[in-house]
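Here the chain labels run A, B, C, D, E and F in written order, and each chain numbers its own residues starting at 1.
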Amino acid sequence: MPFILSHDPARRPRLLVINPNATEAFTESIRNTLNADVELDFYTAPAAHAPPCIEGVTDMILSAAACLVELRAHVDKWDGFVVACFSGHPLVQALRELSTAPVVSILEASLLMGSSLGSRVGILTTSPRWEPLLERDIAAMGLSKKNSAGIVSSGLAVLDLEELPRSSVIKVLCTAAADVLQDRRGADVIILGCAGMVGLEAAIADSCQLGLVVLDPVRCGLELCLSLMRMGAKTSKVGIYAPA
Amino acid sequence: MPFILSHDPARRPRLLVINPNATEAFTESIRNTLNADVELDFYTAPAAHAPPCIEGVTDMILSAAACLVELRAHVDKWDGFVVACFSGHPLVQALRELSTAPVVSILEASLLMGSSLGSRVGILTTSPRWEPLLERDIAAMGLSKKNSAGIVSSGLAVLDLEELPRSSVIKVLCTAAADVLQDRRGADVIILGCAGMVGLEAAIADSCQLGLVVLDPVRCGLELCLSLMRMGAKTSKVGIYAPA
Amino acid sequence: MPFILSHDPARRPRLLVINPNATEAFTESIRNTLNADVELDFYTAPAAHAPPCIEGVTDMILSAAACLVELRAHVDKWDGFVVACFSGHPLVQALRELSTAPVVSILEASLLMGSSLGSRVGILTTSPRWEPLLERDIAAMGLSKKNSAGIVSSGLAVLDLEELPRSSVIKVLCTAAADVLQDRRGADVIILGCAGMVGLEAAIADSCQLGLVVLDPVRCGLELCLSLMRMGAKTSKVGIYAPA
Amino acid sequence: MPFILSHDPARRPRLLVINPNATEAFTESIRNTLNADVELDFYTAPAAHAPPCIEGVTDMILSAAACLVELRAHVDKWDGFVVACFSGHPLVQALRELSTAPVVSILEASLLMGSSLGSRVGILTTSPRWEPLLERDIAAMGLSKKNSAGIVSSGLAVLDLEELPRSSVIKVLCTAAADVLQDRRGADVIILGCAGMVGLEAAIADSCQLGLVVLDPVRCGLELCLSLMRMGAKTSKVGIYAPA
Amino acid sequence: MPFILSHDPARRPRLLVINPNATEAFTESIRNTLNADVELDFYTAPAAHAPPCIEGVTDMILSAAACLVELRAHVDKWDGFVVACFSGHPLVQALRELSTAPVVSILEASLLMGSSLGSRVGILTTSPRWEPLLERDIAAMGLSKKNSAGIVSSGLAVLDLEELPRSSVIKVLCTAAADVLQDRRGADVIILGCAGMVGLEAAIADSCQLGLVVLDPVRCGLELCLSLMRMGAKTSKVGIYAPA
Amino acid sequence: MPFILSHDPARRPRLLVINPNATEAFTESIRNTLNADVELDFYTAPAAHAPPCIEGVTDMILSAAACLVELRAHVDKWDGFVVACFSGHPLVQALRELSTAPVVSILEASLLMGSSLGSRVGILTTSPRWEPLLERDIAAMGLSKKNSAGIVSSGLAVLDLEELPRSSVIKVLCTAAADVLQDRRGADVIILGCAGMVGLEAAIADSCQLGLVVLDPVRCGLELCLSLMRMGAKTSKVGIYAPA
């Protein structure tokens, strides 16, 4: 299925996956789980200006600005963008203003895909603070009804995911998934709401009832972006994303 | 990007596009616009029991039942389904109950994709009756906020699309798209809400402001289904789609 | 209070209560609890095509189609219809398309009546799967705010209601009603969301706080339909229910 | 169909229709259009304390207080109440606190009944001020989705309805109904939102497309109340309407 | 910052705080906690017609009518009004109809202010009946999203607040605040929803996590009203509050 | 009314008004219209990193980052902040994360205040692109119901406001206010949604019906912040604004 891209039919389509924090290791773990039949580029925000991880709106602003300063002159190089932060990261809207290529949020993509696979999508997150943050961002996207099993914090910090023994991490996450999201909230689809959980889909699915679906949002984002690219879909330039 | 499908890794993945009405010509025109790197099958509802086109809930029930009677014993043959009726056709939910493969609604898929390309998605439909019908179905999907430019009837009947001179058809549709959806409703993305409009994307885009996005929902549905298949995503079996 | 029906003033008004599943015993138990000062007819879906009970959308489609095939040529015989399935059964919309007589859903009627008797209406249902199914159907009706105490599954299957000892059944239902709906959810009105619970209103009310209201939805549906008939109210034919 | 009322099976059921303003003529015109197979009583608020018509919240408070002072010691005399003011009149909630009998609002009843007869219910009102007033009251009832064609002012004051020549009144109302509610708003059901319009249903229906439904809300309220009475339904006493 | 009031620049601005129940002691406790750089007047509803405390809609109507009868001829004396009842008391709307000065509801003001200080505002109330009452009133104000931690009853009656030993009262309130609102509901801002709790802000804040915000709604109402007065803001007279 | 601020009772309270774009002239015009009985400081974003005006999310990110880099080490100097950009500027949330002082958005403040003065608040903005931008931001704040008369673009660019003859500017704005917001949308309160409109309140009010309210959002923001400061209110530190 050949890509038909307007600006240069000879060029192989390129997609940029953006890790908007400054931690290369996160980018690497994402890179290791993804593949596609397009040119895949990966970008990490510059450590000089972006925070090592995103813990709130201040971090979102600083990381988005750091990315924009570096990327804005080069957006024409890519035919699609995935912003790999599980939040309403403002870089998504900014890139839509700057580029005609499709720009995908992994939060939005996973909610949309998850809600076509079940009726009660739940999100497993890290620290408790992410519960109100995600709730607000999902409401701002008009997608609260697509997250009817809500957001559950595992209580683990992002660093815990890497520093604690793997078995302890899995135990804590599985308990939150199975006891809270599945049993108490009635989730039939669970989205792993943190890059640090990549690779744990199978373990978490095993702890839940057979048939429950567990989704990796970065994969969802990549696949949705590839779909939009294959369709030749562009970001609209006559409304909210019109050139200034 | 090889498919890894649980039941038979050797088999090439298969996707079934279902036209739930009994008009073969519609299926043909869909077939002619689609292609994919999977085995694509096309199905038309049986003329003995299904109506020639879908004009309301009675038609939806009869067409869904006709499809189910023929398909329900064979759902295991496919790894993904697209229901190619621009409505909240009940066959989508029914297939999700019967199969573990992903099942995609072209209405849902196009709204989700369109809303990542702009902020005011509008729908161009045929007869006025589809305005309240689509409004109700979109509300039932929890997606009203993703259709903020609303639904606009062109006044043309489905048959008009085929029987009137092509230039007249295009003129009427372009007027509804440009004058009503774009100018009065502020749409920045327009979805062509009827299979009979397939192939008119370019003409309609030309009548609107440069940069406005026009989408073919069948193409959206196919691409979203392919994404879900490539991810190995399954329909959840522990909630609303649990086996009876 | 004489009925003034347009088509034939001499004829006594007739109302059809439709049990859209194929189990005659359910129809009988409904018949035994109802009476009215009009001609009451009762209809059971044909066993050859309709399922014995409704457990999801597949069942709804097949049962609706079975009823439509038999009834559509004869809808003029009745002056009102009650669809006696506690769900968003699509037969309701279909009959509104086919007839000018009022068509009442027992789910819609009981929510509307219940919400004029209290402020937190809750629903007691059978298997857990009905929780998301009813939630979706009630949202599609635009009535989620009228069901603020939510839907609670008793865990009993429909067959359990008939096969287990009566005292066990009552005990389980009363626990769900009193402990979950009344105490935890704060319900002040409880709707018995399954035909198999007919006749248990008093027992369940006795297990709850004095003054809590328990409603039989079939009775609600019948009474609302009679009201509409007495008013001479017709289904509108200029919008969503216009003739095709 | 005999009434089975708890307190006194021998007594014939009694229903009180309350006109909460002080104008006897309004009560009379209501009385002339209603009949029922129960004892129907009619009440007009006392002219000493209640306003002659209801034009806002100040009027609602004063009229409700005037009625409560007279009625509260006697509520046990009736088995059902209809508050015949087309608004969110607070007397409805107050009577539900004071009585165990059902209490019906004509605004709520007509919206509920109308929305089972079509999908876009519109309201025709008098002065422009009623547009935001009704909008707020309907939102407070959680019924905004049941009034999707909105509220349209005819521009006529209540007194105009009685003082202008009948033909002029009908002409103005028909224009608002046909041009604004039907054509521009797509209403398929129209509720006459003022007691002064009683008796004009046929004239207004004639000015609209054949098949559009026009409803008299007082009649709706009476019929819904009769339904609740026949069911033996009580106002719940364990939640918002619990005794103080 | 001098007030520039239209009707009389020489006069010092006056603000009326209205206690719409008939208990002087409540007015006194409010008076003792408030101060402002304007003339502050305090009003208590007349005991002959208003109830000693507000426990529902009947009480609201009677207290509002009692206040209106006394105040309506004199509203020009004040440049701002605060209705000090933690509810959707109808006197607020009535005064807006009668005066051009701003009129503030302490429920509305505290929700608005609280929601700019945190993201999950919760309300601590007295008897369980206030839970559905406040829920309905907040929904009617269009502010449900600003009360996402909900309303929690302490189980204490208003009189308990004065008659039980202070230490017991504090213990019960702190438990409801810390265990239910903070821990289970995730509130980060708590509003004390009853005049009888005035003065307990510090004790309740001490029982919760450091950094959680506790608000006195009467103080919120006063400050918002002062802001509006300083701005010279008037109640609009062209819409819902137009003169009759 | 003395301020009681925790950290230093001797110090006079200080409030910082932040103009997050880099145009000093805007800051000056704001400074000229405001006064208060606290120490008022004014801040303009640095021209090296912030855009001269805010035209979308890219501008918001860059301006917010520029402000944060300069201000974050000094937030303890102020007891309150007003972010003077009529949008959902992310600096508001970021400052709430960094400071315990109250932080006020002029968009949020003006909607809240406006909705206590009327029932249909409308916003007059500059270029058409702000319509969907503000719509999204207001929805994200959960305040769509407080903006029921919507957002209307005057068609003028921000620079037009300064460069065109004053009389032309006023004429265009008055037409949009009177013809569109007042007449077609039924607004009873109009908020001037752009700093460039400061000082035009009277002219615009004159063009509308007597009694309609016109609000300057910067003034609203200042007054709300002063209220919160006087109450000693703090930003909550246990939820969404908890320290990282």
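As a convention for this text, a residue touches a chain if its C-beta (ideal position, glycine included) is under 8 Å from a C-beta of that chain, and two chains touch if they have at least 3 such contacts.
Chains and their UniProt names: A, B, C, D, E, F = Asp/Glu racemase.
Here the structure is a predicted model, which is why all the values come from computation and not from measurement.
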Any chain that touches subunit C (Asp/Glu racemase) and subunit B (Asp/Glu racemase): A, D
Superposition rotation for subunit E (Asp/Glu racemase) onto subunit F (Asp/Glu racemase), Cα-based, multiple of 5°: 180
Comparison of C-D and B-F (more C-beta pairs in contact): C-D
Between subunit B (Asp/Glu racemase) and subunit A (Asp/Glu racemase), distance of the C-alpha-averaged centres to the nearest whole Å: 26
Distance between chain centroids, defined by C-alpha means - subunit D (Asp/Glu racemase), subunit E (Asp/Glu racemase) (Å): 32
Computed distance of Cα centres, subunit D (Asp/Glu racemase) from subunit B (Asp/Glu racemase), in Å: 43
Touching two or more other chains - residue numbers and ranges from subunit D (Asp/Glu racemase): 119-120, 132, 136, 139, 142, 145, 186, 188, 239-242
Pairs of chains, among all present, that meet the touch criterion: A-B, A-C, A-E, A-F, B-C, B-D, B-F, C-D, C-E, D-E, D-F, E-F
Touch list for subunit A (Asp/Glu racemase) against partner subunit E (Asp/Glu racemase), complex: 128, 131-132, 135-136, 139
Subunit C (Asp/Glu racemase) to subunit D (Asp/Glu racemase) touching residues, read off their complex: 1, 35-37, 100, 102-105, 108-109, 112-113, 115-120, 142, 145-146, 182, 186-189, 208-213, 215, 219-220, 223-224, 226-228, 230-231, 233-242
Subunit A (Asp/Glu racemase) partner contacts - residues on subunit E (Asp/Glu racemase) that touch it in the complex: 119-120, 145, 148, 186, 188
Contact set on subunit D (Asp/Glu racemase) toward subunit E (Asp/Glu racemase) in their complex: 55-62, 64-66, 68, 72, 90-91, 93-94, 97-98, 129, 132-133, 136, 139-140, 142, 239-242, 244
